[in-house]
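Input: structures, listed below.
Both complexes shown next keep chain A, but they swap its partner, so chain B is in the first and chain C is in the second.
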Partner chain A sequence: MAAVSVSGVSKRFGPVQALDGVSLDFANGGFFALLGPSGCGKTTLLRLIAGFDAPDAGQIGIGGERVDGTPVERRNVGMMFQSYALFPNMTVADNVGFGLRVRSVPWPERRRRVGEALDLVHLSGLGDRRPHQLSGGQRQRVALARAIVIAPRVLLLDEPLSALDKALRVSMQVELRRIQREVGITTIFVTHDQEEALSLSDRIGILRDGRLVQEGPPRALYERPATAFAATFLGEANLFAGPVDGGRISLGDGAALCPSGPPDPGAATATVAVRPEKMRVTAAATVPETGWNWLDAVVEQHIFTGSSLTYLLAWRGGSLKVFEQTLGEAVAVPGEAVRVVWRPEHTVPVMP
Partner chain B sequence: MAAQSAGGGGRPTVRTLATLLGPAYVWLLLTIFLPLSAMLYFSFLSDVPVGAREAELTLENYAAFFERDFYRSLMLRSFQLGAVVTGLCLLIGFPCAYILAKSIKGRAREALFLLVILPFWTNALVRVFSWTMVLRGNGVLERAVNAVFPEVGPLGLMFTYPAIVVGLVHSYLPYMILTCYVSLQAIDDDVIDAARALGAGWGTILRRLVLPLAAPGMIAGAVLIFVPVIGSFMEPRILGGTQGTFIGTVIEDQFTAVFNWPLGAALSFLMLGFVLALFALAAPAFRRLDG
Partner chain C sequence: MSGARRLALLGRAYLALVLLFLYAPVIVMALMSFNRSPFYTLPIRWTTDWYVKLADNDALIAAGLNSLLIAVVTAVLATVLGTAAALAFRRYDFPGKRLLQMLLLPPIAIPWLIVGTAMLVFFFWIGLGRGLHAMLLGHVALALPYVVVVVSARLSAFNPELEEAARVLGAGPWQVLRHVTLPFLAPGLVAAALFAFAVSFDQFVISYFLAVPGVSTLPVEIYTAIRKGFTPEINAISTIVIAVSTLVLVGVARVYRFGSAR
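Here is the complex of A and B:
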C-alpha cells in the first residue's frame, strides 16, 4: 500500500499554474526524489502533502486515508526546510523535543527520545547549544532529528542539502540515506540536482512546469527516458529527429538510425535520444558491426577529465557529445574526421 | 577580537580612536552631560541663582518629595499612567505589527506603513488639539455616537483620565508598532511553518515562538513609550484639564510658572532615579525574555 498517494492534484497561484494534474504514489518505506528545474512546482507539491495549502483539485492520501480536511498540525508529517527553520530561541534539545512537548509526551520519555534522535544524527552532547552556535551541517542534522523524533508518517525534505558545500553535501547524502534506512520512514525528497536524485533515491519523479513528466526507478529513467526533457534533464543525451521511414529514422543523405523499439506508428517524424557514454568514436570509414547505428562527424574538442574523455563533435552544424573511458588507446585529435557508432538498443525513442 | 582583525592588522591607535570618537563625545558632553550636571547642581540649591538672590546648597528639594504625600502620589499616578499607556500600546500595537509583518504583502503594506508613521509628521500640539475637537462636548465623537444612538446623550469624555490616555496612546503607538514590526519581520516564515508541521497550534506558536522572538521589539517599544509618558505634560494639560495633574505637569510648572527651578530639577532627578530603579528590577525578566 502506498504511504502517500497524490491523485490529479492541481494548484494555481494567480496566473501561475504551479501544479497541473499530478498523480503519484509513494511506496511505504521508500526514498522518493522529486526532481525538476527551479519553479516547476516541487515545493508546492511538498507543501500540499504536508497540508500547508489545499489543492484546487485532486486528492491527497496519507497512510490510506484522505487528508483533505486535516490541517498540517494534525497530519503528523515530518518536514525539513531548505533554511532548516530551527527555533532560534531554543536549545538544540528543546528544538528536537518541541514536537514531543506539543504532543504532551511526559518528560522522561521525551528526554529519552530526544537523546536517541540526537544519537542517530551524531549530535549527542550538543543538546545544550543554541542553533547559532552550530555549523551548517550540524543545523541540518538538528532539523532532521526534530522532524523524525515525532515518528511522522512521512518525511518531507525540501532541497535539504542545497545550502551545503560540495564535500559536506556528499557526506550528508550518505548520512541521510543511512538514517532513512535505519528509521525505515517513507521519504519524499525534493531536489533540482539530478546526481543527488540518482544516487539517493529508489524512485524518481521528474516534474516540469507543474506536470509529472515521468516516474520510475533511477536506472529505468536513465536508460529509458520518455521525453526529450527527461533525457536531457536526468543525465546528458544527444537528440536526433527525422522522418520515419520503414521503422527507421531518416537523417537525410541516405543515413538512417535504427531505434531500440518501433517508433510511434502514426507519427510521421520521430525523436531519439542516445546517451554520450553509449557511443564510440572510431576511425573514419570503419565498417560498423551489423545493425549498429553510425554517423560521420568531425572532432571539435576533446576534454580529458581523468577517468574519462569527452569528445565534442561537429555534425551537420550541430554538436554531439561522446564520453569514452580512457583506456590508453589512440585519441582522435581536433579536426579529425571520425565515425561514431552505437548499438540500436541505445537509441531510445522519446517524445519531443 | 573584531577590533584586532579590523584593518591591516594591529589595534587602532589611541590617536585614531580619539580622532574618530572625539567629536561624538564632545557633542554628548555639550548637549547632555553639561546641562544635566547643571540641573543636578540646581536641584541642591535653595533658590534660583539669578540676580541678587542668595542660593545655598541644601537637600530641602529632595526632602520635600519624601515629606509631602502630594508629590509621592503624583509620582505613583504618573507611573500608573505610563503603565496603562504602555500596556494599551502593546495590546494594540503588537497585533497591528503582526498583521503588517506577516499577513500583508507588497503595496498594501507600504500604504499601511505610511498611515502608521503619518502622525510623526504632524506637530504634536496640533495632534493633541485635534483630539480636543473629537472628544469635547458636542464634538465629532459625541455627535457621531448620538447620530446612531440618540439615547446616549453627552459622553463627557473631555477633561478626563481616559481622554489623556487616548491622546497619549495615539501619540506613542507608532513606536510600538515600528519596534514590534522590526522584530516580527525578522522571524522566518519557515520557522512558524516548522512549528505547525510539528503539531503546534496557534496558541503554542504565539507563546513559545512569536512572543519570545518578538520580545526585544516589545521591550524596546515599551521603554521608548514608558519614559516619555511618565514625564508628559502637554497631553495631560490639554486633554485632562483639572484631571491632568501629573509629575510631568508639576515639573513643568516649577520651570515655567512658579520659577522654582531647584524643586523642578530635584523632581526630575527623582523621576529618573525611579525609572532606573524600575528598569534594574525588571532587567532579569527582560534578559530571560530576550532568550
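Here is the complex of A and C:
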C-alpha cells in the first residue's frame, strides 16, 4: 500500500496554476525525489501533503487515510525546511524533543528518544548547544533528527541540501540515504538538482508547469525519457526531429535514424533523444556496424575533464554533444570532420 | 597638534557637553534632595529629613502609587493588545489593513494637549467621565501605537518557517505562540512594555485633564504641589523615581543587550 497517495490534485495561487491534476503514489519505505525547475510546483505539492495549503481539487491520502480536513499539527508528518527552521531559543536537545513535548511524551522516554535520534545523526554530546553554535551541516542533522524523532508517517524534505557547499552536500547525501534506510521511513524529497535526484532516490517524479511529466526509477527515466523535456532536464541529450519514413526518422539528404522502438504510428514527424555518452566519435568515412545510426559532423571543441572528454560538434547549424572516456586513444581536433555512430537501441523516441 | 587629534578632542568635548545637559539637572536635583537648606544654598549640609517628610506626605505617596498602578496596567494591556495587532498585521491580509496601519502613527505625532482635550470631551460625552479608569483608558490608547511599532520591528526579523516547523511537529496554534513566537519576540515585548510604562508614567497632560480631585498621578500631584510652593520633598520623590527607573532600565539592558546582535 502506498504511504502517501496524491490523486488529481490541482492548486492555483491567483493567476498561477501551481499544480494541475497531479496523481502520484509514494510507496511505503521508498525514497522519492520530486524533480523540476523552480516554479514547477514541486514545493507546492510537498506543502499540500504537509497540510500548509489545501488543494483546490483532488485528494491526498497518508497511510491509506484521507487527510483533506486534517490540520498540519495532526497529520504526523516530518518535514525539513530549506532554512532548517531550528528554534533559536532552544537547545539542540529541546529542538529535537519539541515534537515529543507537544505530544506530552513523559520526560524519561522523551530523553531516551532524543538521545537515540541524536545518535542516529552522529550528534550525541551536542544536545546542550544552541543552534547558532553549530555548523551548517550540524544544523541540518539536528533538523533531520527533529523531523524523524516523532516517528512520522512520511518524511518531507524541501531542498534540504541546497544551503550546503558542494563537498558537504555529497557527504550529506550519503548520510541522508543511510539514515533513511536505517529508519525505513517513506521519504519525499524536493530538488531541482538532477544529479542529487538520480543518486539518492528509488523513484523520481519530474514536474513541469504544475504537471507530472514522468515518474519511475532513476535508471528507467534516464534510459527511457518520455519527453524531450525529461530527456534534457534529467541528464543531457541530443535531440533529433524529422518526418517518419518507413519506421525511420528521416534527417534529409538520405540520412535517417533507426529508433529503438516504433515511433508513434499516427504521427507524421517524430523526435528522438540520444545520450551523449552513448555516441562515439570515429574517423570520417568509417563504415558503421550494420544497423547502427550515424551522421557526419565537424568538431568545434573538445573539453578535457579528466576521466572523460566532451566533444562539441557542429551539425547542420546546430550543436551536438558527445562524452567519451579518455582511454588514451587518438583525439579528434577542432575543425576535423568526423563520423558519429551509435546503436539504434540508444535512439529513444520522445514526445517533443 | 595634528588635525585628527584636535578632531578627537573636539568630539570628546561635545560628548561631555551633551552628557552635562542631559544629566546635570538630574544630578543637582538628587544632591539637593539631601541638602538641609530648602533654598539650594551651598555648601551642602547632608540630611535625609526630606525623605522622612515625604513619608508623611500622603497625597504625594498616593499619587505615586496611582502612577505606578496605571503604568503597570497600561504596560500589560498595551503590550498584549499591541502584540496581537502586530501579529495580525504580519500574518493576515484583510480589507482595510493598510488604512489601519496608517492610522496607528498620527496619535504619536498629535500634541498630547489636543489628544487630552479630545479625550476629556469625548469621555464626558459618552458618560465615562473622569477618574482612574478614564486615565487608564487614555494611557492604553496612547501607548498602543508604540507597542505595535516596536513589536512589528522585531517581528520583521522572524522566520515564518519556524512557526510552520512547530506546527508540522504537532504544536497547535497556542503552543506555537507560547513556545516559538513569543520567546522570539521576548526582547521586543520587554522593550514595548517599557515604552508603554514610560509613556504612561511620564504622562502629564492627559492625566491632568482626566484626574478628579483626590485621585491624581505623580506628575499631576508634583505640578499641583509646585504651584502651591516648592518644597524639597519634590526633589526627594523625583530622586526615588529616577533611581528606580534607572535601575530597571540598566537591568533590562543587561538581560537583553539592546542594540547588539544576540
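One rule holds for everything that comes next: the second predicted complex is superposed on the first by the 352 of 352 C-alpha atoms of A that agree within 3 Å, B and C clash if a C-alpha of one lies under 4 Å from a C-alpha of the other, contacts with A are read in each partner's own complex, and residues count from 1 in each chain.
Rule of thumb we're sticking to: contacts are C-beta pairs under 8 Å (C-beta built on N, C-alpha and C of every residue); 3 or more make two chains touch, one makes a residue touch a chain.
Since the model is a prediction, treat every value here as computed from it, not as a measurement.
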item	value
Chain C versus chain B on the shared chain A, clash or fit after superposition	clash
Contacts of A:52 with chain B and chain C, given as first, second, both or neither	both
Chain B versus chain C as contact partner of A:150, first or second or both or neither	both
Intersection of chain A interface sets (partners chain B, chain C)	50, 52, 72-79, 81-83, 85-89, 98-99, 102-103, 146-147, 150
Footprint of chain A on chain C - complex, ascending	159, 161-162, 164-172, 175, 179-180, 183-184, 186
Sites on chain A touched by chain B in the complex	50, 52, 72-79, 81-83, 85-90, 98-99, 102-103, 143, 146-147, 150
Residue ranges of chain A touching chain C (in the complex, touch as defined)	50-52, 71-79, 81-83, 85-89, 98-99, 102-103, 146-147, 150
For the chain B and chain A complex, residues of the former touching the latter	188, 190-191, 193-201, 204, 208-209, 212-213, 291
